[in-house]
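Here come two complexes built around chain A, the first alongside chain B, the second alongside chain C.
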Partner chain A sequence: MMGGAWRRLKSDRYGMTGLFIVIVFSMVAVCVWSGLLGQGWSDVSGNRWESVSTTHWFGTNLLGQDILQRTLFGTATAFEVGLLVTFCSTLLGTVMGALAGWYSHGWLDEVILWLKGVLDSIPFYLFAAAVAFALQGIPWAMHLAMIITFWTTTARIIRGEVMRIKQREFIEAARAIGLPSIKIIFRHVLPNTFHVLLVQASIVFVAAINTEVILSFLGLGIQDGVSWGLMLAESSQEVLAGHFGNFVAAGTSLFVLLMGFNLLADALQDALDSRRATA
Partner chain B sequence: MSVPYITSRLLYGIPLMLGVTFISFLLMVHFGPDKTYELIGKNPTEEQINEVRQSLGYDQPFLLRYGNYVKELLTLDLGLSDSSGEPVSSILIKTLPISLALVLPGFVLGNLLGMALGLLAAWYRGKWLDKLVMSASVVGMSVSFLVIIISLQILLCTPYGLNLFPVRGWQVHGLGSYFYYVTVPTLALVLVTLGYNTRFYRAIMADEIERDHIRTLRAYGAGPAELLFKHVLKNSLIPVLTRIMFSVPFVVVSGSLLLESYFGIPGIGLVTFNAITSGDQPILKAVVGLTGVLFVLALTINDMLYSVVDPRVSKS
Partner chain C sequence: MSTPTPPTKPPLLEVRNLSLSFHQQEQVAIDRVSFSITAGSTLGLVGASGAGKSSIARAIMRLIKPDSGEILFKGKNIFMMNSQQMMATRQRMQLVFQEPFTSLSPRRTIEQSLLEPLQHFAIGDTNSRQEKTRQIIQTVGLDHDVLRRYPHQLSSGQQQRIAIARALITSPDLLIADEAVASLDVSIQAQIIQLIQSLQEELGITLLFISHDLAVIRQIANDVAVMYQGQLLEQSPADTFFSKPNHPYSKTLLSFTNNKAPTSLPVENWRLDRGRTTAETTSNCVFARSCQVKMPICDQLEPASHQIQYRNQHPLGPHYVKCHLYEEVNTNDT
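On to the complex of A and B.
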């Protein structure tokens, strides 16, 4: 199945463009983590609001820091937030969704659905504000808020998939030979939801990066370091005075990366669609 | 719609409301910052500390404090704001109409335009027009809300662009000034929701348009408007209603939070934003608790609407 999916993905021009964009940005992030790029993000290397030049490709900001360096460093921040939130919320959502789906209509299912209903009822930015308020001074408040709210969608999708898969004969066979439920869920049910998880994870990634920008603007986001959201927040004052460096650099990087992920997510959805895979 | 059905839906909403209020209590009252030391002077005695803690209700047991919080929400007796000293409920009543006036035009327009574009794409499914609309909606989904706001501001509100509208503020006295201040926020809201809306409506319409009865009607020469309102929308009312109900809190609360704090419009969003930055607990806990409760109420009404739209729902 995966071979066919890869072949379909390869023939999708938009999907491959998306994949290429994502790979380029993740390479930048890896270079920042390993200390090759963007290390001068906090150095004051020029005057206030210098315009574009060969030393400062995107100019400098209010404090005279190089905007290019900050943009590169922001790539790493975006991936840090995206990867952490996607990994944790997907893990949590998968486990919760699998339990709810396997024991569907039992008490465990009811409790998980109730929890999901409760978390879905609080508008997200307010919830993030509440978490940040409760965890004052803890830099992970934003990540935690996203993980707590983003797992519910993954859980809903996995619950549906598990309820569908558990009707299948090979699960009945696994039950008949006396395998314990946990083993059946993790060995035989969940691997069959991989394609759905992959698509959902790329959607969560986009949501996480997008949300970081808004939360950082509201002052609830990244506490130390620099992110595209913080740069855009800075630029909201600067553009009125005609300094567009921060806005163009952060806005464009954000747009291109989100675009890449959206194209990739769409192409993955098409390529991994089980109805097309069996056809 | 039968009485037992209504009561069963209402009963289903109660645990949700308890959960929502419990979470906001836990986050903002129980784990929230301790205000004791802001209220007392230097070198307080043990007695003074206890007195202040007592007046804040910190000495009461956990469940009693939760009960008090729920009572506050139900009676709308929400206490006084830490920063302005005004009663929270009167602040909310004063600012809510502004937020609604700010957000509703964009919300309605975003859905109507999304519906129109979705129908257009579904109608010409697979043709170049469909591809154009869908590519444009992916582009729309990839632009951050903040980037849209700043771009619109540069284009419409500064001398670097057309310079037609105010950079920020809200001095509405009549229809003219309302349009003057609401246009740019509305455009931002429409642009940020349009991509998602178009995709959603296209998916629904494309499903419906493939149905046999629609194909037959098309073959008989029924026009798009007749098909849309008489046949397609009627059959897809449930997902559309759900979508609209679920996006109300996102658009109203999140939209007003960002738009108002950016444009300096004195609605609930700006009040909340200021409460976040200044740590004004009475306002925050009221806003979070109340929106949660209102959302559960809206969901319950939504479920009841289902059974009006589709009587089969209440029978199953």
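On to the complex of A and C.
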């Protein structure tokens, strides 16, 4: 089943480029986590605003820190945010969507839809600022703001899928022997939404990394460590003075990774969709 | 074809005055339907698609809740059962669906699908369950290695055999086949019907066989019930029904089946009148709009269900017709 999707993905040149980019970046992230790369991100290893050289490939920043080290470390930060937010919001969205879809038009569905409507109607950056403010000093404020707002899209998609799947006869067969709803949902319904979840998760991942950059730029982002967003925030001062190191390094990394992920997400959607057509 | 069943046997399943409407569309799906099935026999429920046959099947399985009426299984009303009794009852009745592919869980192996009812009802231990899946696979005429496959790796005939196997694995007393052969090729249709028949003989199962296809019903049923727009218009032992149908709708159905290609002509062609709304019920005969022998009274009064009286009591069971034409016969004979 998944074999066919993989074969289709493999024949998609853009998809494979995307996959390659994503793999390279995730390897960088893994190396940072395991202490092999980017460990000198906070060391002052040179003078202020040194330009490109063999010791400082991307130059140094205002404090004389190596921009390459910081970019590498920022990759790990991006993946941390992406993975954590994607995992939590997908989990939350799946559970909420499954409940809403299974009990569609019941009171639980109404409550979940209402909650989703409320969250969707709040301007995101305002909400993120409010959460960041409310949770001052807590390092996860930004992650939390994203999780709380991102689950709604996943929930909507899963709700639709569940409403579609629950009409199928194998669900009736399971109900006919009196299998409890919760078992039916986890055993027979959700496994069939896997392909949709995979695509949706890759979209959330991109959105999370993107949002981290913007929030960090606004000063609502991560509190310690360094991220591409923080580097871009720094660079806003420097660019005027003619120092492009931070801007180019963080901007390019962000652009390439997001492009890779978008290519992969598109290709995944295609590959998994034709599986659905045959199913 | 079928052995006559003595009428003294108690019915395994009895449906009394069952009514169901879908409130959103205000559509009548089942309209005061009553019938019973003797243990070990087969009732063929025939009607166009949308006549309410599947709704009856689902109501019996308690997948949908009817508005009123009773369903008695072995004499007990299933709507009055507590969860323990219901669990025991669910084990004793099973359902086979029209679409073999969508009736199997796509991401579970055949073995997992077959084991599920056994695990759910806590029948046997791990070893005996596996033994049982192997047995049942053989019973439905398949090879052991399908157990490790997924539904999409099987042909539709094989899938339907698996669906039957899953239905039979808890040794039910009642099997409901809802258009179980409708989506299969004719040759495979014959095989599956044969399989169901031989299983019925072997295991003594009672069968509610739902189909829009009279040719199929003819092969398998002891008794026939004809459904039209949620109502049962005629109920009769199969032999009588096929030799001498009484209701004008039954006559139309049969003449169509007899005149044209004998194998399978769907009743679909009579889907002239779409469903009725609740407001429209009971003031006329539901078949009045399409009836060839309609009388003035048919538009004003709903006919009752009359039992046809034979000089000698019919040996195979009662014969009911819901039509004004038969009032005379009834009063004259009694």
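Rule of thumb we're sticking to: the second predicted complex is superposed on the first by the 274 of 279 C-alpha atoms of A that agree within 3 Å, B and C clash if a C-alpha of one lies under 4 Å from a C-alpha of the other, contacts with A are read in each partner's own complex, and residues count from 1 in each chain.
Please note the rule applied: contacts are C-beta pairs under 8 Å (C-beta built on N, C-alpha and C of every residue); 3 or more make two chains touch, one makes a residue touch a chain.
Model, not experiment: these values are computed from the prediction.
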| item | value |
| --- | --- |
| Clash-or-fit label for the pair chain B, chain C on chain A | fit |
| Which of chain B and chain C A:Ser26 touches, first, second, both or neither | neither |
| First (chain B), second (chain C), both or neither touched by A:Leu220 | first |
| Touching partner for A:Thr17 - first (chain B), second (chain C), both, neither | neither |
| Touched partner set for A:Ser104, first chain B, second chain C, both or neither | neither |
| Superposed model, chain A: greater residue contact from chain B or chain C | B |
| Partner chain in contact with A:Gln269 - chain B first, chain C second, else both or neither | neither |
| Where chain B and chain C come nearest after superposition, their Cα distance in Å | 11 |
| Chain B/chain C common contact set on chain A | none |
| Residues of chain A touching chain B in the complex | 114-115, 117-119, 121-127, 129-136, 210, 213-214, 217-220, 229, 232-233, 235-236, 239-240, 242, 244, 247, 251, 254-255, 258-259, 262-263, 266 |
| Chain C residues touching chain A - in the complex, by the definition given at the top | 58, 61, 63, 86-87, 90-91, 94-95, 97-99, 102-108, 116-117, 120-121, 150, 152, 163, 166, 170 |
| Contacting residues of chain B [partner chain A, same complex] | 15-16, 19-20, 22-24, 26-28, 31-33, 138-139, 141-147, 149-151, 153-154, 158, 160, 167, 249-250, 253-254, 257-258, 261-262, 272-273, 276-277, 279, 281, 284, 287-288, 291-292, 295-296, 299 |
| Touching residues on chain A, where the partner in the complex is chain C | 1, 168-170, 172-179, 187-188, 191-192, 194, 278-279 |
